[in-house]
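Please go over the structures that come below.
Shared chain: subunit A. Partners: subunit B in the first complex, subunit C in the second.
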Partner chain A sequence: MEKYLLIALFAPIVGSLFAAIFGDRPKNVITGIVTSALLGISFLASFYLLTYVDETHIVKVELFTWILAGNFTIPFNFIADPVSVIMMVTVTTVSTAVHVYSMGYMANDKGYNRYFSYLSAFVFSMMILVMSNNFLGLFIGWEGVGLCSWLLIGHWYHKHSASWAANEAFIMNRVADLGMLVGLFILFWNIGSLEYDVVFENIGSLDNDTVTLAAIFLFVGAMGKSAQFPLHTWLADAMEGPTPVSALIHAATMVTAGVYLVIRANEIFALVPDVGFFIACLGAFVAMFAASMALVNNDLKRIIAYSTLSQLGYMFVAAGLGAYWIALFHLMTHAFFKSVLFLGAGNVMHAMDDELNIKKMGGLNSSMKYTGLIMILASLALSGIFPFAGFFSKDAILEVAFAEHAYILWAMLWVSAGLTAFYSFRLVMLVFFGKKEHKKFGFNPHETYTFVLLAMTPLAILAIVSGFFGGAFESYVTQILPHYDNHHHISGAAILIAMTLALAIGGIMFAVYKYSNGGFDKKLEQTFIYKLLINQYYIPEAYDRFLVQPFTRASTYAWLNIDNKIVDGTVDLIATTIYKTGDKTRAMQSGNLSKMLRWMVVGLVVLLTLALFYRP
Partner chain B sequence: MDIGLTHYLVLSTILFSIGLYGVLKRKNLLLLFFSTEIMLNAVNIGLVAVGNHYGDLTGQMFAFFIIAVAASEVAVGLGLLVLWYRKHQTIDLDSLQDMKG
Partner chain C sequence: MDSILSMLIFFPAMAAMLGFVIEKENLRTYGIAITAVEFVLSLALWASFDPNIAGYQFVQVVPLISQFGINYHVGIDGISLFLIILSTFMTMISLIGLGDMKSEKNLIVTVLFLEMTMVGVFASLDVILFYLFWELSLVPMLYIIGAWGGPKRIYAAIKFFLYTFAGSLVMLVGILYMAYLYHQATGVWSFSIPAWQELVVAFDVQLWLFAAFFIGFAIKVPMFPFHTWLPYAHGQAPTIGSVILAAVLLKMGTYGFVRFSLPMFPDAAVYFTTPIAILAIIMVIYTAMIAFAQKDMKQVIAYSSVSHMGIIVLGTFALNAEGIVGSIFLMISHGIVSGALFMLVGVIYDRRGTKMIADFGGLAHSMPRYATIFAIMLMASVGLPLTIGFVGEFLALIGFFKVSPFMTFLAGTGIILGAIYMLSMYKDSFFGVITNEKNRILSDVNKRELTALVPLIALVVILGIYPKPVLEPINNSVKLLISNMEKKSQNHETKRHLKNVNTIGEAK
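Here is the complex of A and B:
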């Protein structure tokens, strides 16, 4: 079994290194084929592990000891238990599809080989993240995905906005990663190990304050990666990257790493329910906050990005309230329907020559039937309509909120579900139906390659059916995750489900009705709320004004005054002193023998004096 | 009055100072040679005196070495001096400035 674990882990990096060989050459289709094939192998190995691994068959591999210093031992070890296997299968499924899709999407890109190298390196980092058996390995993967995310957002680095967005994402994640590092330090300081087993065994013996502190700091790291408020702005800007990257990294896998961390460290978070409740509150807030921003945005990809944020909020509600398996379940279903939604958006962008404004589209269904169908199915799944995947997982989260008597959270999530349904179908209506606005701008939309559509199909099917595996999923992952049985708590579950479903359908109907009748009045755009939402609550502007600009000013000041004057001044002073000393003493070397003899005598006197008075 | 070590060392110091003064003040190369010889022999006196005082022959041996080295130095030095005089018609110290950078 160890063999399959290693194959699953290392196949992506082999592909990445292979593609890297061609990094500076012109496009070579073989890089795409090889990386995709190796990803497929990794997927098969992961799937085989899925059928093998259970409570009694946990695969552990220790490659070698990585750090050994005194009592500090960090081995490079990996684990395939039900949770990591679920993550492995999810990651490899989506990334295989995205790799194949990218072969079509990036077909005319100059950085084709480089792109595939980075994409596979990302998958490798993500596999390390989910398969590591200690927190430090998880952190390595955590930083690895951050790096690959930076590389891929900035894939078109010649565009200023892309390189800026890449830096923003990276820097914001660094800020949060510091929190996570502090959390790891606290754990190590108090327990003396970062192995999952050891940490979870001993975490109960620590006092409550320490555990609270560790949990908070770990969650700060999760907030950065999963783009929770207030570190959320990078995710929307990360849409500057190629669309398959958005599908893989900024929807399906990397951004869910924060949720994975909370699930993985559930034994820490379970000890401090207050922190858990805070996580849930933040999650519910982000779910609503992000959904509201998605309502008015006109950028195809940003709408889906905000939707991702919102769904991550849902996951954190479930994880924060202790329903870890439900959080993982939503993570998985979300990975499927959200990635396919992004890939559909990629098809639309391709057809529209990279135009993103949905107001300039419309009526694309006639020329892109298959993409339209997939997008509609994915949107239905996202809105949580029975029998699509999102229905099962999202509904379970709402039930959890209700069962925990967190009625306010439940209400927030309920409203968000309605908003989700509305904005999803606002997007669908504006892009695929209605008047063909794009005619005015001279676009000539066309369906993409068939193999690209075929690559999307498995994801689309999973987006439809994966919800039905809920029962099996629960019994599988609760082998190591705590059970959460919400059916005991509430009697009126059916009513709740009906209410949510009704709201979601209502949202869809409203969107369909409004946008098939020409949309909203233009006057609405003058209202305060619209301006607030379209400007993302003025948060990016506030960050710019209150953080970026003061920091830039402080940096400029430090550069001009501290660096230029003090630091450079000191260095220059040393140099000029030596130079001037040399210049002055050069006169001694006159070439005149009697003068030289005089200096010799001076030297002799000095040395004699030293010899007389110096007593070591 | 017995003549002891101190007297020899004082004589040695005086001779050395005279030699040093000559080295610093004289411009004539020949006199410079004289001065260095005086200094060397001042050191010789010191060495022999100290060697005698301690009953150790090393001082005297060293003095012989110095005499031998000084003799060969003078031989080579005077040879160069003669060459220099033939070339420049002077043995003034300040004329030796060929190496000035």
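Here is the complex of A and C:
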């Protein structure tokens, strides 16, 4: 079994290195084929492990010691247990589909080979992240996906906005990574190891304050990767990257790493329910906050990005309230329907020559039926409509909130569910139905390659059916995750389900009705609320004005005034003082006999006086 | 094998003498060959080094002035071994990558002399010998900056020389006083480092001696606020000078802390931990900010060096095995990475005659390989895991965390600030569209440059994934160092502190 684990882990990096060989050469289809094939192998190996691994059959591999110093030792070791296997299968499924899709999407791109090299390297990092059996290995993957995200957001580096967004993502993640590192430091100095087994075994013996601190700092790390408020701005800007990248990294996999961390470290978070509750509150807030921004945005990809943020909030609510398997379940279903939604958006962009403004589209359903169908299905799943995947997982989260008596959180999630349904179908209506606005701009939309559509199909099917595996999923992952059965907690769960479903359907109907009748009044765009939302609550602007600009000014000031003038000035002052003293006193050594005799007398007097008064 | 260290020290110098009579055209080949032999010698040293012995190996003692106990006394342990290999390796690489220079012959001879002094500093076990090599290392560097530097080279060279020399003189006073103390205590004169490490010094005297040595080392590192010679030196030095300066010469200062300050004055080291840590944190944050404000690529890397040296100092004064091992590893990794970065700046300077960021933009279009190599080194510089830069930085920070979580957090902001200045520099010079037509026709890295850079890339990756062969010998020697410190320390407080920072959980 170890063999399959290693194949699943290392196949992507082999592909990446292979593609890297062709890095600076013109497009070579081989790179796309080889990386996709290797991803497929990785998927098969992961899937095989899924059939094998259970509570009693956990596969562990230890390669060699990585770092050792003093008390600190950490090996490269990997684990395939039910949680990581689920993640492996999810990651490789979406990645394989995205790789194949990219062969079509990036067909005319100059950096084709480079792109596939980065994309496979990303999958490798993500696999390390989910398969590592210790926190530092997870951190390798954590930083690795950050690097690949930087490379891929900035893939079209000639665009200023792309390279800027790449840097923003990297730096903002680094802020969170510092928090995560501090969390690791706390664990190490209290337990003496960063290996999962040892940490989880001994975490109970630590005092509550230490565990609380460790949990908080680990969660700070999670906030960065999963773009939780206030570290969320990078995610929307990351949409500068190629759309398949957004589908894979910024929707299905990397951004869920934070959720995975909380699930993986559930034995830490379970000890400190207060931290968990905070996570849930933040999650519910982000769910609503992000959904509100998605309501008014006109950028095709940004809407979906905000929706991702919002769904991540849902996952954190579940994880924070202790329903880890439900968080993982929503993570998985979300990966399927969100990635296919993004890929559909990619088809639309291709058809529209990279136009992103949904107000310039409309009526595309006539020219791209299949994409339209997939996106409608994915939107239904996202909105949580029965029997699509999102219904099962999202509803479970709402039930958890209710069962935990967190009624305010439940209400926030409930409202967000309505908003989600509305903005999803606002997008669908504006893009696929209604007046063909694009005619004015001279676009000529067309459906994409068949093999691209075929690559999307498995994901679309999973988006439809994966919800039905909830029961099997639960019994599988709860072999190692804590059980959480909310049906015992509440009576009248059916009413809750009905309420949520009704709101979601209501949201859809409202969007369909409004946008089939010409949409909203233009006047609304003058209102304060609209301006607040379209400007993302002015948060990016505030960051720029209150963080970036002061930092730049302070840096320049420190350089020009403090370092050059004060610190270096002092040094030069000492030097010039010595030099000038020498220069002035040089007059004594003029060589003029009478002058020098006079100085000699002075010296003699001084020495004699000294001899007179100084008695050692 | 007994005299292998002496061969290592004097072989480059003797080869340099011989170099004077060799024809100009052949000297580059000659220099590379000599440094390659020297590097292979240092590898042989590693091969015959026994990692299980924590103490000094390959010790050789030849009396010089026996009345005063001054000996030619050399030997290495796990700490100095890799600094020697770093010196020989980086000298070889910098000669391989050397671009066309005027009076190339003299430059290569100078570099060979410099190599002697570098190896000498790390191999010396006699304080006078150490001091000799320490001061001698200034001379070749003075020439390299002063003769082959930029327009303000004389100012920069003199500043470099006088500033570090002044610091060394204070250290010399400390050395003499320490020798006097040793004579008082034992009745014999000795300048042997192992003997001095055994000597118990009264606490209040320790404080003064620590301060005297500290000034010498701190200027060399350079620690804030003694760092201002560095930007001038780097700004004016030719590429080869910057490479060696950043890669090896700065490490002499931090090596001094580990070799002298900690084992000789353990109580003072504990006593001064907080003020030094504050200076180190200022180094990390303040110079990172200044690096961000720079408009010249080379200055960004120069200031980033200071910032990274801050982490090294911090790790050293964690006084636990994690921190000290980390900081020694960071010395090696920073040597490789900063050396590579300076060399990369040299590559573009050779082509365009400018290093100003504003003159570039879109370099990734015209020089894709160069951009890739730069990106790898950038990632190593910001400490991405699985690159060489992560291991040391992580260990140094985790080590100091036991001393003070809050100060570690502040120093940890270095990983954010590092990403900020490196990525914005990279974005401004490599990304975007080509705005200056001169950048469109630039040729990518050539064979000579690749030969120099590829080994560096290989090391960055290999030692990032498998640092154990380097960490293990360092770890053994550092553990011995710490147990000696604990044995020797006189204050109860010191013993408690050392025990505490070296224990998981609460020390009993």
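One rule holds for everything that comes next: the second predicted complex is superposed on the first by the 561 of 616 C-alpha atoms of A that agree within 3 Å, B and C clash if a C-alpha of one lies under 4 Å from a C-alpha of the other, contacts with A are read in each partner's own complex, and residues count from 1 in each chain.
As a convention for this text, contacts are C-beta pairs under 8 Å (C-beta built on N, C-alpha and C of every residue); 3 or more make two chains touch, one makes a residue touch a chain.
Everything numeric here is computed off the predicted structure, so don't read it as measured data.
By the touch criterion defined above, A:559 lies against subunit C but remains apart from subunit B after alignment on the C-alpha atoms of chain A. In the superposed model, A:584 makes contact with neither subunit B nor subunit C.
Contact with subunit C, but none with subunit B, is seen for A:70 once the two complexes are overlaid on the shared chain.
By the document's definition of touching, of the two partners only subunit C reaches A:568; subunit B does not. By the touch criterion defined above, A:174 reaches subunit C but does not reach subunit B.
Subunit A is touched at more residues by one of its partners, and among subunit B and subunit C that partner is C.
In the overlay built on the shared chain, the residue A:139 is in contact with subunit C alone; subunit B does not reach it. In the superposition on chain A, A:615 contacts neither subunit B nor subunit C.
Of the two partner chains, subunit B is the only one touched by A:594; subunit C is not.
Of all residues in subunit A, those touching subunit C in their complex are 23-24, 64-72, 136, 139-140, 143-144, 147, 150, 154, 157-158, 160, 163-164, 166-167, 170-171, 174-175, 177-178, 181-182, 184-186, 188-192, 551-552, 554-556, 558-560, 562-563, 567-568, 570-571, 575. Those residues of subunit B lying in contact with subunit A across their complex are 20, 23-24, 27, 93-94, 96-101. Across the complex, subunit A is touched by residues 159, 162-163, 224-225, 227-229, 286, 289-290, 292-294, 320-322, 325-326, 329, 362, 364-365, 368-369, 372, 379, 382, 384-386, 390-391, 394-395, 397-399, 401-402, 405, 408-409, 412-413, 415-416, 419-420, 423-424, 427, 430-433, 465-468, 471-472, 474-475, 478-479, 502-505 of subunit C.
Subunit A contributes residues 589-594, 597-598, 601 to its touches with subunit B in the complex.
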